[in-house]
Structures are given as structure tokens and as C-alpha cells.
Amino acid sequence: MGILRLSHAEVRVPDLELALAYYTEVVGLIETERGVGPDGGERAYLKAWDEHQHHSLVLVSAPTYGLETLGFKVEHAADLDELSASLADAGLEVARHEPGSLGAGSGATARFVAPSGHTVDLVHGMEQVGNSLPLHNPPPAPADLIGMHPPRIDHIFLLCEDVDGVTSFFRDVLDFRLTEQILADDGYQLATFLERSHTPHDIAFLTGPNGGFHHVAFWVDDWNDLRHAADTCAYHGVTIDAGPTRHGATRGCGLYFFDPAGNRNEVFTGGYHFDPDDEPTTWTEAEMGRAIFSYKGQVDPRFMTNHT
Amino acid sequence: MGILRLSHAEVRVPDLELALAYYTEVVGLIETERGVGPDGGERAYLKAWDEHQHHSLVLVSAPTYGLETLGFKVEHAADLDELSASLADAGLEVARHEPGSLGAGSGATARFVAPSGHTVDLVHGMEQVGNSLPLHNPPPAPADLIGMHPPRIDHIFLLCEDVDGVTSFFRDVLDFRLTEQILADDGYQLATFLERSHTPHDIAFLTGPNGGFHHVAFWVDDWNDLRHAADTCAYHGVTIDAGPTRHGATRGCGLYFFDPAGNRNEVFTGGYHFDPDDEPTTWTEAEMGRAIFSYKGQVDPRFMTNHT
Amino acid sequence: MGILRLSHAEVRVPDLELALAYYTEVVGLIETERGVGPDGGERAYLKAWDEHQHHSLVLVSAPTYGLETLGFKVEHAADLDELSASLADAGLEVARHEPGSLGAGSGATARFVAPSGHTVDLVHGMEQVGNSLPLHNPPPAPADLIGMHPPRIDHIFLLCEDVDGVTSFFRDVLDFRLTEQILADDGYQLATFLERSHTPHDIAFLTGPNGGFHHVAFWVDDWNDLRHAADTCAYHGVTIDAGPTRHGATRGCGLYFFDPAGNRNEVFTGGYHFDPDDEPTTWTEAEMGRAIFSYKGQVDPRFMTNHT
Amino acid sequence: MGILRLSHAEVRVPDLELALAYYTEVVGLIETERGVGPDGGERAYLKAWDEHQHHSLVLVSAPTYGLETLGFKVEHAADLDELSASLADAGLEVARHEPGSLGAGSGATARFVAPSGHTVDLVHGMEQVGNSLPLHNPPPAPADLIGMHPPRIDHIFLLCEDVDGVTSFFRDVLDFRLTEQILADDGYQLATFLERSHTPHDIAFLTGPNGGFHHVAFWVDDWNDLRHAADTCAYHGVTIDAGPTRHGATRGCGLYFFDPAGNRNEVFTGGYHFDPDDEPTTWTEAEMGRAIFSYKGQVDPRFMTNHT
């Protein structure tokens, strides 16, 4: 089977307490544990309310902001062996880690550095902590949710120099499916959208510096939740970067804003079901503005360059 | 009783056919009549689908864009006499017009030029044409609505040099109630919001040139309709100026966009019920950005200066 | 000017503490005061969050459930004199009460018993307590709202034997406007909808016993809020009577449920703007089911008979 | 990989033209082809607008209503061999069919009769016809959608005598995952919900006669679309069976209604993402009402017995 979906992101923040206040009270994630990472640095583990696993976001105390690692969940333990073999065949070094050895709750992990410069973990068996609803006769949601309270992580958007090459790697070696692409007039890929969960994207790449981090997105259930998220930002004085708006690519709707460290967040909803035999959609360079922001039809240069 | 609500706006457009296509197909208004105005110029009369009266928007063929007149609906025929007397007491000239004499469907009218430089009509008895639903056992809406299809006009936003003076005039002479104001640090009113319909505003003024026209707004029923309106703009290539967003002042949500002539339109929803004994809300100059765009927290200078 | 809108309802509850817990935690109203009424009985005063006046719902400790009185807000103090004179001309006894004499926060009041058997208060100058938002640079809503948290009261639905006669009384003596009616096949009015606030209804009457109380309704902002209200009922085990659904009459959408004493509540949204010169809509007896519940197209007999 | 998701349902209708008018104009599906089935009977092929494959609903001219077959989409051609082997191991007869041999657009198919008495097709390579949007720079949706216009099929709900046994079969032989179950007080399964697409259910079973068909559901994007669907039913006089409401099980929201032949349809939205290592939710018999209709908390007996 292989990769199921985006599992989690580890994000650097210089002020862990401030970031934690933001992610729990504004975004409305749930802190599951505090601890130290394998490097001895302080960490906070967070999950969205409807996730069952130990964490989908790890805040890593660090001198600056940015992405530390991202993780994909695989279905079977054996997928780690198969994908590790594929990665090795592709010439990459893969490090295997026992459950718990990469921090609190961590599962069996195959870690590698992708050609995009990002450290990627393939994970099986992360500790399950439940979604805080009872397993018998549950209500549709806990009553004490605050902030934007997205139910789960959705996708991650990264930057890299060679979008064509990185996209081929994710398709050929990790079996991702291309759903959409923005093509430059001279034919190379300006941006690509890739999925394993039959949605518009689990991961996307935009032309930029290797290792660049554009945003991590959490799912919300509808357009009304996006207004609630925007009201929540306004209420707390959180800087909104863009939205609520619709994207041309993915057809989804989103709101972008920044955590106190400067990492961009999105809450996202909508989009479509993607079958493996569906054709990808292509956007031309002239329509890139509309591909990203369907309503404005243009992209603020800051949106393309302000990344971490 | 006096003024009930904003009745209609007459808007100048150089290309009447193009404007008509836009207002019927994109905005989704309904053309009720073509004709010539009292000045002999060509006109198109439009109404929102749920309005019963002959028109709420008149397109006036003219060399340039901008606002020709705006109209308020009064409850009783006698209100025209009383308000005319009040206007005369305030030193203004009032011209009375018979039904039909100011164009198709027009009611008995008292016309004057407000201190803001805008021509204002007080109207009683505009021709009633019905809302296209049957009077017996109607469905909630006609089945053939297209575009944004707002049910009715909501408010108008104008510019004038002396907001304090104009606001006093509308309150003292026409019995408008102040709901919100943005105060400059040195105390004068940068913007004011005035109502007669127990809503956040029927008319609003922003500091600018006398006679200036910022936008006319149509009501839509909810936040979902704003997304539909934005999708409709995107589909037709109509330039979106701002939104979907929430306003700090009025708490309403809106989307701004331009007609083919350059007149700004808004679709608006939300806000509150205002009683005559409620206190107005005041925004400070430092918070003007948030008063206008709650999410961005700042106003693009173009939004303040691009008016007609 | 006369009557502005529905001001408040006084509702009987045998267990004041239980009712108060329900109205504050489930409905999400705000308790403004506890006290004793003019009859010496215990009372709790509640308001919806965005109302500025002292109360829109009064819980009256009583051996059984039902409606004690309903109140309309008038614009000017002089309206009390004029409407009292009209009522006296119509042969009704009117009792005038000083501010504060009819319980905490009460304004100057003209009280009478309508031909429908209901005690009605016309009120001017109820104590203003504000809507809990600051008057300078407010957020769109307080951050600590719970339950359904409607912003305001909307309408009241009563029963009476002679709907035709009562409707004439409200139109002729109190200047209400008829917006919709359900006509029996033999021509009499089965139900009527009347307004003063340019909405589909401030008050409505259904054929039944004089003095009967069908429901009091609070406004919510959209269809999403109705789902939230239904989820809130389900979470707290509150019995839902009907909905979320759309009404044919008023075109509004609503959810019906019961307070712990058995008084029916509604949360309502939607509907239209009604001008004084608009024509009322008529429903035939055969379409009464759809007039009330547009989706089911039929009315559960319990809905018609279970009243208080 | 195996089964991806529910692919399609073949539904019997006595009046093909009437059913077709309903499914295209009320539900808003798109007719892709008319033809004759392998049995020589007349058929109409329909798809939801955002589906890329030839059909998700086949109307089969037949003397009565009910379900003819249901189909699941598999990822790889080889999945048909593997699943056929598993089915044979489980003692079932599997018939293999070439693309096109089971009607217009049909893919390579492995057909068997499940222990529930339903004929099931596993399909690979159904003809692709696209979703009517261009593959370059598409708008978010076609402009000419009518009716409820769901983007895709969602799930199917069937009846069978031995829910425990059938559920084991779908889990063990076809690798479905159990997401929710309603347990009778004496321990057997009254209803089960099973998925392959990481959603709350692709298929569900309720205790009843073998071969019974409760409903087929199409996805809509949000709660607002459910109101639109209900308005559409009301507009066309289509009988609404239940809703708009929320389900306790799946947490989704839905609306039930009947096609002209008496087949029950649902439009459904919401629910959650289900990982293979998530725990199923269990409802007790006492809470069965709330499991199905969260708002009413009880199930109309008709809902349980009126099946086809």
C-alpha cells in the first residue's frame, strides 16, 4: 500500500511558550506532551482534535523558524522496508529508527533527505492517543474546543529549486500522484501538487530555495469555518496573509496566517476526490495568479517570497 | 414616519449594453424596462429579484462613470411634504416631481442636492411590479436566478469633504441615526454610518471629494453567498477589489468588485439590528484599517481613492 | 412612529433554576438580573448577547408553563399616549405603569389584554445595559459566548380562537402590517403573520385556544447557526420538535425545541425585507403543511396542538 | 492495493424516462449514454458532474424498483485477480467480464453474489469521460449545473439478515475496515459501517431482508448544499423522507428523499478521515435512534422498513 497521508510536521520556533499559546489557543490544537527531542532540545507535541495519533505538529525550540522534518504515515510496517529499498535504489541514504527513539510518541521510522533538501520521515505505528471522544455513543465533537479547532492536518507546501526533479522523485520512488501543476512558459514546472490520500494534495512544491517551507495546512470542514478562523485571527491580532479565498488549483478554499515565529499556517477546506486514473490539471504561467488565488487573480510577491 | 430605506441609485455608464450584460448576468439583477430619462438620455431599469418596486438601480448612458442620483423611499405621501419643509427650513431648494416624470416607474419625488454634493430623491409610490413569485403558495425563490442574484439593494457609500457637517445634516434634517463613526485623532469624523432601517447603515460617508461615489451595495443572505459572488466574479473575469471579508464597522461581511464602467459594487451580508436608543460605535483613526477590513487590518490606498 | 419591534416575553417556569440553566447554557442567553416581580414572585431576567436593553426574556416562577405577557418596544414616549388612546377607542382597558414598576429594568408601560387573550405591554425606555462589546473599536462578537448564543429576540407565535378578528385588531389599532396568511377553504384565516420591523413577522397567530402560546423565537445569523443549535440540543439532550427546516411562509429557516418546562422555543433565520406597500402572501389550506414546513410538506399534529 | 471506493450502483426503475428526468433535473446528474444492458433491457447511464468515469448510476428498466448491482473500483487490474482468488477461497463463484461486456463504459469486472444476497462488481478500467472541466486553467465548477448537482457518489446502504456474517465477509475477504457499528443488547450487530476510502463508510449494512436496498448516497460539499437539496426537493414536489439532519454514526449530515420509482436517495456531507489503525465506534441499541438521527434521537419505523 505504501504512504497513506501526511502525518505530521516538526516546526522550529524560537519561543516555545509563545508558540504553544498560539497553537493551542488561536489554532486550537491540543497539547499531548512536552519533552525533549533526540537532539536534547525542548519540544511540544500537538494534535488536531479529531486525530487519533500522538501528534501532527511538533514545535521544536530552535534559534530560528522553519521546518525541521515532515512525516508521512504508511499503512503497514512492511511498507517501511519496501519504501526504504526503493529509496536506496534511488541512491538515497535511509536511516531506520525504533519507535520512541525520535521523540515522544514516535513510531518506527525510515528517515531520509529528499532531493528538495527536506528531511522526511516515513512512519508506522505512532502512539495512538484517541480523539478525546468516547468509543461508545459519542457526540459529534467535544464541547470544549476553542480557537479554529481544525479536526486534522491536511497538507504541506514546500519550496525547492528543481520542481520537475523533485516531483519525479515523489512520483517514481514514493508513488505519489500528480493532481495539478503550474507550468512555466518554457515548460518546466513552477509548482506541483501531489497526493496519496485521494485529495488534491498531501504535499506541494513551489519553485524556490531548497529546504524552503511555505506553509503547513490544517483541514476545516467548510467555508464558514474559514470565516471563524479569520475572525479568530482578527480577535487575537494574528497577522492574516491572505484569504479567506478560493484557490484555482485544488478548488479548495483557504486562509493564510503566521505563527508568532513567522511560520505560515493555512486552514483549508474543499477540493475534490482524486482517483489514480484521473488526469492532472495544468495551469499556464499566465494563469498562475488565478491558480493560487482565484478571486484576486494575482499573487502578492510577498506570498511567493516570504517563506521560512 | 419619514424615510424607510435606501430605494435606488442611478449610476452612469458609458456603454449601456455592456453594463446591462454585467448587471443582469454577473450581478443577476432583473431588467424591468428600457427607456429614456427626463434628460432624453438612454436608461436601463433594474431591480433585485425580491424587490417589489420598479427599480433599485438605473443605468444612465453618460460619457463617464459615477453616481447620478440616489433615492430614499418614504412611508407616506405626506412624508414628502414634511421632509420638503424641513429641507427648506435648512435652506435647501427642493424640487417636487409628479409620478412618472423622472423616468419610468418613478414615484412622487422631492429632489434636492445634499451638502455632500449628491442629488437625492425622496420617493413615494414608485410603481410596484412584484417580486416574480406568485402571491399564492410561492416557492422560496424563483428557479431561474443567475449570477449573484442578491434579493435587494442594501446601502450606498459616498464621499464628501465635510463628513461632520453632512452627517449632522442627515441626522438633523432627515432623521437618520448614527450607528458608527471613525474619528480622526483630532476629533473630526473620517467616516460615518447612518441608518433609517434599523440596520448598520443605509448610507455612509467617507472623507473625500464632494459628490464622490464609493460603492452601492446589494444584500445577499449569508457568507456562502459571498463565496458564490466571488466565484461568479472569477468565472466572468470581473475584477475583485477586496474580500470576501468582514468589516469591523457594521460587523457585516462583503465583497467589492467593479462594473465594466468602473463603478464599485458590493455584495453585503450580516450586521445587526439597531434600535433608535442604541449608542453608536466609535473607531479611532489608528484602528481605521480594522474598521474597514477586519481581517487584513489595513486598507489598500486604492480602496480609499479609487472612487467615481 | 409607534411600535418598533417585539421587545420581550415573560414565560412561566415551575423550576426557575432548571430553566435558567437551560436558557443560559443551552440557548446561551445572558442573565442580567434576578428579582421579584410586581406580584412578589421570583424572576430571572435574560437578554440575547447583542441586545442593548435589560431583558428580552423574563422567566417567571409559576406552577405551570406558558406565556405571562409579551412586550413591544415603541420608538417615542409619546407613542404610549397615542397607542393607549387608540386602544381605549377600541374599547380596551389600558393600564399605565411607571418605569421600574413592572419589575427590574422595566420601562414606561401601557398594558392591555388583547382580544386574543394575551397580556401585552407597550414599552418605552427599558433600562439599557449594553451588548457587552466596547463602544470603541469592538470585535464582532464577545469571545466567551456559549450554547446557541442568538444575538437577539425575533418573533412570537401565539394561538387564538378568532384569528381574523385578532389580526384586524393588530392591524387597525396597533398598525401592524400583514405579511402572510393561511386561509381556510371557507375563507377564514387559519394563521396570520404580522410585522412592524419590515421583516416577515414580529408576531403571528394560529387558530387555537385564546391565550395560547406556541413559541418564542430568537434570531440566529444563518443556516449554519441552525445546525449548531441542533447540535447543541443533541449534546444536551434537549428535545427537538422540528427542524432544521425551511418554512414556506416567511421563507425563513428554523429549529424548534422545548425548554425544561415545556415552552417551545425556536431559533430562526432568513426571511425577507417587507415594505409597507408590499402585498401579503396567501397560502391555501391545502398547502398549509408546506406553508409551515417546506421540506416535509406536512405538519405533525403534535406541532399544532402541543402549546402552552 | 485492492478496492478504492464505491464506483457505481445499478438501480431498477419501471419508468425510465421519468426516472431520468428526476435524476438529471432534480438530483442534477449528467446523462452520459443510453443503451441496452447485457440482458437486453434498456438502460440510462449517469454520472455526477465531477466524476471522471463513465457512470456512477445506471438506471435499469425493470418491472419494479430496487438494486440490481453495486460496483467497487479497484486500483490495479491485478487486484481483480487477487480479489477473485480471495473470493474463490471463501467459497464464492466469481464471473469475470471483459471491458464493455456488462454495458456501456463498463470496465474489466469480477462479479459475485455477496453473502448479503447483493450482486457485486469489482471493476477496473471503466471508460473515462472526464468531468466536463478543461484540463487547462479550469474554473472551480461548470457554470450550467442544475438541481442538487452533487460532485460524486459517496456510499451505499444495504440490508441483510446476518449483519455479523456479512460484515466479517467484507472485512476478511475484501479488506474493508469497520468504522462504526450498532450493537444489539444481546451482542449481535444491528448495523455496520465499512470503508476503503478513509471516510466513515463506503458501504453499510442494516438488519433486514437479504438483498435489501436502503439508499445510495451522493456527496455534497457542505451543510448549505443540503439546504439547497431540500429546497430543490420542495420545489419539484419530491418527497423528503428525513433531514436535513446530522447522523450520530459518521457524524455526517444528510437528506433522504425518494426517486419516482421509490428508491431512496441521500445527499451526504461531512464525516471524518479514518486511518486503518483507528478504533471503530460502537453504538448501543438504546442509542440507535441517535446513531441514525442525532437531532430527533429516534428513527421513524418507516425509515427502517421502507426499503426496496
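Think of it as A, B, C and D in the order they're written, each chain with its own count starting at 1.
In this text, contacts are C-beta pairs under 8 Å (C-beta built on N, C-alpha and C of every residue); 3 or more make two chains touch, one makes a residue touch a chain.
Not measured: the values here are computed from a predicted model.
*Asks:* Moving only from a chain to one it touches, give the least number of moves from chain A to chain C.
*Replies:* 1
*Asks:* Need the most distant chain from chain A, centre defined as the mean of C-alpha atoms.
*Replies:* C
*Asks:* Looking only at C-beta pairs that count as contacts, which pair of chains has more of them, B-D or A-D?
*Replies:* Between the chain pairs B-D and A-D, A-D carries more contacts.
*Asks:* Copies chain C and chain D touch; is their interface built from the same residue numbers (over half shared) or different ones?
*Replies:* Counting shared over all numbers used gives more than one half: same.
*Asks:* Whole-Å distance, chain C centre to chain D centre, using C-alpha means?
*Replies:* 44
*Asks:* Calculate how many whole Å lie between the centre of chain B and the centre of chain D, each centre taken as the average of the chain's C-alpha atoms.
*Replies:* 48
*Asks:* Using mean CA coordinates as chain centres, what's the chain A-chain D distance in Å?
*Replies:* The mean C-alpha positions of chain A and chain D differ by 31 Å.
*Asks:* Indicate the residues of chain B shared as contacts by at least two other chains.
*Replies:* Answer for chain B, listing residues that touch two or more other chains: 140-141, 222-224, 231, 234, 246, 248, 290, 294.
*Asks:* What part of chain D is in contact with chain A in the complex they form?
*Replies:* 1, 4-5, 50, 52-53, 73, 75, 125, 128, 130, 133, 135-138, 140-141, 151-152, 197-198, 219, 221-224, 246, 248, 251, 270, 272-273, 275-284, 287, 290-291, 294
*Asks:* Residues of chain D touching chain B in their complex?
*Replies:* It is residues 139-141, 143, 222, 224, 231, 234-235 of chain D that touch chain B.
*Asks:* Could you pull out which chain C residues touch chain D in their complex?
*Replies:* 223-224, 227, 230-231, 233-234, 239-240, 243-246, 248, 253, 290, 294-297
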